[in-house]
Amino acid sequence: MIDIFTTGGTIDKVYFDALSEYHIGPTPLPNMLAENNVFVPHRVTQLMRKDSLELTDSDRAEIRAAIVASDADKVLITHGTDTMVQTASALADIKGKTIVLTGAMQPATLRNSDAEFNVGFALAAVQTLAHGVYIAMNGEVFDSATARKDRSAHRFMHE
Amino acid sequence: MIDIFTTGGTIDKVYFDALSEYHIGPTPLPNMLAENNVFVPHRVTQLMRKDSLELTDSDRAEIRAAIVASDADKVLITHGTDTMVQTASALADIKGKTIVLTGAMQPATLRNSDAEFNVGFALAAVQTLAHGVYIAMNGEVFDSATARKDRSAHRFMHE
Amino acid sequence: MIDIFTTGGTIDKVYFDALSEYHIGPTPLPNMLAENNVFVPHRVTQLMRKDSLELTDSDRAEIRAAIVASDADKVLITHGTDTMVQTASALADIKGKTIVLTGAMQPATLRNSDAEFNVGFALAAVQTLAHGVYIAMNGEVFDSATARKDRSAHRFMHE
Amino acid sequence: MIDIFTTGGTIDKVYFDALSEYHIGPTPLPNMLAENNVFVPHRVTQLMRKDSLELTDSDRAEIRAAIVASDADKVLITHGTDTMVQTASALADIKGKTIVLTGAMQPATLRNSDAEFNVGFALAAVQTLAHGVYIAMNGEVFDSATARKDRSAHRFMHE
């Protein structure tokens, strides 16, 4: 069993005409996994709908508690990219689980979004990596202790 | 360095109006990897453009030779799904490399294709799995010795 | 009321993995019109599912009969492009109706299909043109008596 | 010749990761028209990049001046939907031209955008309607003097 927790971030953004702006909507993960014919046992839980810049210590405690409470040892988290490293740090001392964080630079609702590719990538990473906390972005697995997002380059780097 | 060899199959199919049918076209992999902001070192080589039902022993020998000749120990192959298991068998005794085969049930040119998800999945698998030959489809890693495609269910199964 | 009759053709093609080829499926028109927030009164009827090269005189008689039997004076027909001109000829003497034929060079299921654009274009044409039979393709209205498809140029021309 | 002027609005919005929000980008019209195989003579000019709620009287005077200065009698304008009616009013007394305004409820960059359908629709309307100012949205032509946007219903209505 793989536990998938969604927290919001760009990957979950949909466009609201009535507000003339983007807001975080229902997670696209269940539809995405079904459309891509994923049959490996998994559960999707939408924990929160927040831009990652708005995540508080209390939110991170809630994410952490959900992971600890899960009976799964494979945990995939979708998350905004701006504070993904910070959340990974807050999870660093959880033992006995493979925890992989991913997200997207472009909302899943966009034609050219990196969402499907990144979730596919992360879903393999969470099934194949040893216990630990990882960031899976840009077609690469990053050690969460030494990763950082380079905003101007639209990518994660090894520090 | 990851060597990516494309061989054709559904993933590479494009629609030709002049023929009123689908044919295998140029591989979408380089554009797909660029659009998904993949920076991990890789090379894409289009080995052939064939439906996998048309692949011959000679074609499989060519795929094998390309892998053996490569200086990379991580090799990703895109391939039609119908004979993916058969090609994997022909590669089974290559030592010292992680070889991952993937493909798609729907051409990458389609709105709801599983191509991006599957390539993302396979790209993580090839970087994280031990040496050996694997099939990466349906969000799952299959041992190539015991995988089979269930055509009516549109998915791969463990035998 | 606008009567929309679908007959098949490239616009309706979907990919069947089990056959490794494209076949004509259920018409995408109802979903397409709903997704594009079309509220103008209309009905969609799938008359047949044929490649236009396979349409017979009997099929054309059936299309003609459906139009004549309709109480609507605005009729939109989706049709394969290869024999669209021929079908238009078979409808040329229907009086008192605006009949517009459209189709697509790429199936509606493709990312870069011209299907939505063409149906949008034809839906305006059928509401604004005088009675007669027209072909609406390539962002242009063609007199069905002088239009022809240039297969190599992927477009319709005025003869 | 058809003159196409773009002014911004939802149709032109692209997602900027660095800002975690949507901004108006380069107009998608030239690519969209090319991808849809439009060969009818036309020119695309990006007049401005503004959300329609931010358009000033001075902006409307600029749009008006561009139309008056054009030697084309067919003018298509892409525009944000929120003040499309107001801009249409500012153009109402231009004589000798068919002026059609269209836009989208969802950015053209989105998978399920109504942008292509609406531009296709408007391109037919501008070629077939008598001189005057029209709004082409929701698969319908609206008299700009009596149209209004119902924000909660995501559609235009006849008043």
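Per-chain residue numbering starts at 1, and chain names A, B, C and D are given in the order in which the chains are listed.
Rule of thumb we're sticking to: a contact is a pair of C-beta atoms (placed from the backbone, for glycine too) under 8 Å apart; a residue touches a chain by one contact, two chains touch by 3 or more.
Just so you know, these numbers come straight off a predicted model, no measurement behind them.
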Equivalent interface positions on chain B and chain C, same or different at half: same
Cα-centroid distance, chain B relative to chain D, in whole angstrom: 43
Chain centre separation in whole Å, for chain D relative to chain A (CA means): 37
Where chain A touches two or more other chains, by residue: 105, 111-112, 154
Overall pattern in which the protein chains touch one another (line/ring/star/complete/other): ring
Chains touching one another, given as label pairs in label order: A-B, A-D, B-C, C-D
Residues of chain D defined as touching chain A within the complex: 10, 13, 15, 17-18, 20-22, 51, 53, 80-82, 105-107, 109-112, 151-152, 154
Of all residues in chain A, those that touch chain B in their complex: 32-33, 35-40, 105, 112, 114, 116-125, 127-129, 136, 138-141, 154-155
